[in-house]
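Shared chain: subunit A. Partners: subunit B in the first complex, subunit C in the second.
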Partner chain A sequence: MKRRIVLATLAAPAMLRAQGTSGPIKIGLMAPLTGVAASGGREIVEGFQMYFETINGRIGGRAVEVTVEDDASNPDTALQKARRLVEQGNVHFLFGNLLANTGLAVANYVRGTGTPYFIPVIAADDLTQRSRLPNVVRVAGYSASQFSRPLADWAYKQGFRRIATISQDYTFGHEQCGGFAQKFTSLGGRVLQQFWHPLNTSDFSPYMGQLANAGVDAIFAMETGADATRLIQAYASFGLKGRIPLMGAMNASDQSVIRTMGAEAEGIVSAAHFAEGSTNAITQAFVADYDRRFQKLPSLYGFSHFSGAMWVAEALKTIGADAENRERLLAAVRATTLTGSPLGAPVSLDAYGNPVYDAFIRRVVRRPDGKLWNAPIETYPRVDQFWGFEPEAYMRQPAYSRAFQGPR
Partner chain B sequence: MLGFQLLNGLTFAALLFVVASGFTLVFGLLRIVNLAHGALYLLGGYVAYEVGGRSGSFAAGVVAAMVAVALAGLALDRGLLRFVKGQDLRQVLLTVGVGLVLNDLFLVIWGGDAFTVPTPEALQGAAVVMGVFYPKYRLFVLLAGVAIFVLLWLVMNRTRYGALIRAGVDDAEMLSATGVDQGRLFVITFMLGSALAGLGGAMGGAFLSLYPGADAEILVFSLAVVIIGGRGSLEGAAIGALLIGLLNTFGQVWFPELSYFVVFGPMALLLAFRPYGLFGRAA
Partner chain C sequence: MRAVFILAGLVALASMPLLLPSYQLGIASEILIFSVLAMSVNLLAGYAGRTPLCHGAIFGTSTYVVIIAAAAGVPVWAACLLGVAAAGGLSVVFGIIAVRTSGVYFLLLTLALGLIIWGICLRWTGVTGGENGLRGDLRQGWLADSQRLYWLILVVGAVLTFAMWRLVRSPFGLTLRAIKDSPSRMAALGHDVPAHLFAAFVASGLFAGAAGALYALFNDFVSPTTVALPQSVEGLLMAIVGGVGNILGGLVGAFVLIALEQFVSAYTERWLSVLGLTAIAIMLFAPQGLLGLLQRKSQ
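Take a look at the complex of A and B:
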């Protein structure tokens, strides 16, 4: 709490103005530039602005004006910044945010104003399921439990039958583990134990002994940020690596985690809608360009916002860049099939505002230059957020929580 | 399994002791609750990461971290804290502010990714202890923690400097009345306390990783250690670190949903009966 007071004053909005004289398309981008999620927030801005630089800041003859605001990793600040952008900045639509609670705060606000709000990173399942809004669209994003299902399927096919999960104890973790557990048990596998630990657990050693003795064929880990780094290190230093395979949610082996790591991260398998180690030519061009600009390989935050910006720009082109007409814009975004993006295969939205992807099963491998990246080892075509479940029936079951990880 | 978790608790306690011993020294003698101690810990970690990574020597990284953080402590004490001498509330606010500023500086310089201090080849991998595989580095941390306790105990109990500190903790006015140059004593102690934070950062940065926010996590644990142990007491810091380290480990194993309560619940209980901690006395 005390942080916010200090940081809010430091967070002067950064502006990217494109050349143009009359009537620019005004976009409000919110990202955590300070606070716990600051590193991801910077990459949101990098990826987003990089896209508009590649198109010279113009869509369909109109200039683009992006106003960046810091949500300070805090829902109150996010709400306040969303208000400012919409009511004073008169932006045509909002983009961004990283943490689910900041995204939910903004979604709740645009429920009243009707402002289109695009969320390439906010993954809370219900935003495109039980409590979906017509003006909140997850362009180039994913719902939390979406890719753990194909990963569970892949795990079962490897012959794994007994699994333990370890996860941060909050909704994002409950949903990803829930997707994995429900799919895995529906195939006939068993989830023997689930460990839930608080966010920012300093010492993972107590869990390592329990995981080693749990009698499982593999481990599924849902970790973000420094917790992911520590878990992977503990997994290696306590000798579990090489004995019990480790599968991760996409955050656990995202570039934001593995780019500072070494051999301990090699071999982790995860599932995602993007793989920086894909051989796809467009993906490789994007990764090389990103590396050249920012001296690092793109993370989830960077590629999602690059692709999300591209999605909305492509939609705007089909309606003569008429950003003022919200209904038309939202309809165009929903109708757009995104091709030629770093994501690889063409992507389109389902009826609930969440994209359908060709999902990659990825493994962390070393490039010839020594850097680690996620290379695809298998592809599951057309994975939507309900994958294998009938949407209406699925949404009648409760949202995933610690208590509900699929029917037992 | 019990032995394994016991080792986990002891190794974590060893790190907590190193960090908290510096905190309690400054708190005990100078009466300053230095809430920038966590940020100094993190600074030590980043310095060790840079120097250790570039020179390829873990020892060089550790020494550089201690020296750099001791100098940062000197700057903090002489440059800022001097002006709010004797005003508890302002000192606390000032150190909170310094902690926040440092944290944001780290974010600018190193970004938000989690870094790990590189360890020497000899400390990588696992050793077999009591029939279980255990990371060599954590065993090293345990030994280092014990060595630092012995060293500090000798300094405090066998040297003139230690006698002065103990006298200052007990009765600062009486000490100055005997003609001791308190200013110098205070500066040296503040630098020593900071150097211990830097050492903790270098040691902890190799297995707990470094990132903006790691300072707050270690600070909360050190506060608990010092509150349990009692202000200015080295033995108190050791017992407090053991207690917190073991509670943290066994709390995560036995009551995973309550792991924070298991650490801080007993602390609150203890304070109800011994408000000055186990080894503390009223000022």
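Take a look at the complex of A and C:
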């Protein structure tokens, strides 16, 4: 008897599947709602859900059911939640995660299950390079070293020839600095010194002293969260501001950092695929709507999940919302050129699952109402993750690390 | 009577793959793996009176070694043996340093040793992948099937549990318990106290390493969080919740904590607070752990 009951329950999901495209589209969203990355995690959920509210929770006539799980900023928990969403929740595809290690863990899991997994924030270079997977797509996201290259180009054109970098000492930092250093050196500039400090450095004064005396034309800083806030404050209070220009990776001057800061953050230049201070009408409508809903300007986490959700929704519309058919869904996502998104210009994917953007060089400026935001000062069209390098040759060089910041 | 219970328990555990859908089976696998870790902690905390905070690091070292070795082309079974051997080697080093201390000094020393391992895994990017961790490729062929993996974990776990049970009931285990009660008296009676503690430490480390190797097969991924302090604390907490000084307490503790985490986190993002409150309640009302509470009730 028991055995038969077991068979009946096992058969149930198969029967549901046989009903075809009548039920809701089930999406599993993972975000760190607790742990070190919790504040960004909440903005992931805000941006993602905001998109589905703007389309009334329906794609191509089908309802959308989003299940949110907390990955606790921990890769083991992320894995467990991915298993729960896929094996128990029977979601059609997965979205989200913030920290690179959580994304890498989930990517390794979906390699076995084949579940489509979309990662608008996970920037680890190799996920769309050396160890890319057909079902892991970085919709509306970027690979870590992607935008440091146009920034290096811009820096060189400003006449900067000698640069120092300062960065958090982990892979995300190594990759962003590597992109900058390799490009800047290939143009003929020199990276005189690279400072690597542990995550959650409370005192930046030793670094500021060395940076002030390094004899450089400009500084490139790769910082996230509270480290970014502290570095920018130290940069201003040690009198470097006004003497040595500061360029940042996009996280360093992201809204999640500068919305609580004052004059010390003004003037920082960074490169990104989004600029909340852009004059583009769609971007402005999105920023105003986000501000109205959440009383803050959208950060990297919010805008990329809004845009990522839009990308997949647009792709689903072209295939009759057939979310069950993974191959078709992935092919549609790859074929979709996203237009009308807050990113501004139309965006499409390269052959490796990473988007090609018109990259903005942005400067932190004050709005008339006193809030700080990133306004574009220059645009580099069609920046892909290899920008200027031949993909296969590029991938033969090692991944960026402390030891490898481009060939010397 | 006891044999009947144990047999019934084993049959129930062995039939899980027929009853549970794949996600719940994964949770069951995790419970079995962590129960071995909790039991290995219990071996020291419950029998030798030395509470370690480094077993997460020993466990995770084995996980790292299995994944690194397998990636280097070592067959999976041999990689697992290498993982256990690495955990054993690490325990020898830790044991030499730690066994002459006791009480809070032992706790802090093992905590520091564990942190060293965590630091190495975080910093040695070329080998450990740093913060990003390492992705394994172990779940292929025979191991790809989660039911078979569960049965493998169950068989290994049962053998390890039996080994630990035999160990604590042997004359060696009896000596350990006596050392816990009065090391000075045991020394006066001519027993080599540090040698016994050292042997217990290494044995406990080997068991933790075996659990870590199983975890490598199960998770197929490892990052510094696997060797971090919370992992050690979790193992200890499971041992305490189940019942210190009772080998099967580890199984009960692992079941309660993991099941509770699964259940509560589905309803609230404040699940860590709920876990904390539960742990406090157990300390207050069942200081001997849940198994201790059961035994007291049945007497």
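By definition in this document, the second predicted complex is superposed on the first by the 386 of 408 C-alpha atoms of A that agree within 3 Å, B and C clash if a C-alpha of one lies under 4 Å from a C-alpha of the other, contacts with A are read in each partner's own complex, and residues count from 1 in each chain.
The rule we apply is simple: contacts are C-beta pairs under 8 Å (C-beta built on N, C-alpha and C of every residue); 3 or more make two chains touch, one makes a residue touch a chain.
Note that this is a predicted model, so its numbers are computed, not measured.
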| item | value |
| --- | --- |
| Clash-or-fit label for the pair subunit B, subunit C on subunit A | fit |
| Which of subunit B and subunit C A:A226 touches, first, second, both or neither | first |
| Touching partner for A:T34 - first (subunit B), second (subunit C), both, neither | both |
| Touched partner set for A:D203, first subunit B, second subunit C, both or neither | first |
| Which superposed partner A:D70 touches (first subunit B, second subunit C, both, neither) | second |
| First, second, both or neither for A:Y394, with subunit B first and subunit C second | neither |
| Touched partner set for A:F294, first subunit B, second subunit C, both or neither | neither |
| Touched partner set for A:S256, first subunit B, second subunit C, both or neither | first |
| Superposition-derived minimum Cα distance between subunit C and subunit B (Å) | 7 |
| Contact residues of subunit A, present in both the subunit B and the subunit C interface | 3, 6, 10, 34 |
| In the complex with subunit A, residue positions of subunit B that touch it | 1, 4-5, 8, 11-12, 96-97, 100, 104, 107, 111-116, 124-126, 132-135, 137-138, 207-209, 211-214, 217-218, 221, 248-250, 252-253, 256-257, 259-260 |
| Touch list for subunit A against partner subunit C, complex | 3, 6, 9-10, 33-34, 70, 74-76, 79-80, 83-84, 86-88, 100-101, 104-105, 107-109, 112, 124, 131, 170-172, 174, 401-403 |
| In the complex, subunit A residues that touch subunit B | 2-3, 6-7, 10, 34, 36-40, 42, 169, 195-198, 200-203, 205-207, 209-210, 213, 225-226, 228-230, 233-234, 237-239, 256-257, 259-261 |
| Sites on subunit C touched by subunit A in the complex | 18-19, 21-24, 26, 30, 125-126, 129-133, 135-136, 139, 144, 219-221, 223, 225-226, 262, 265, 269, 271-272 |
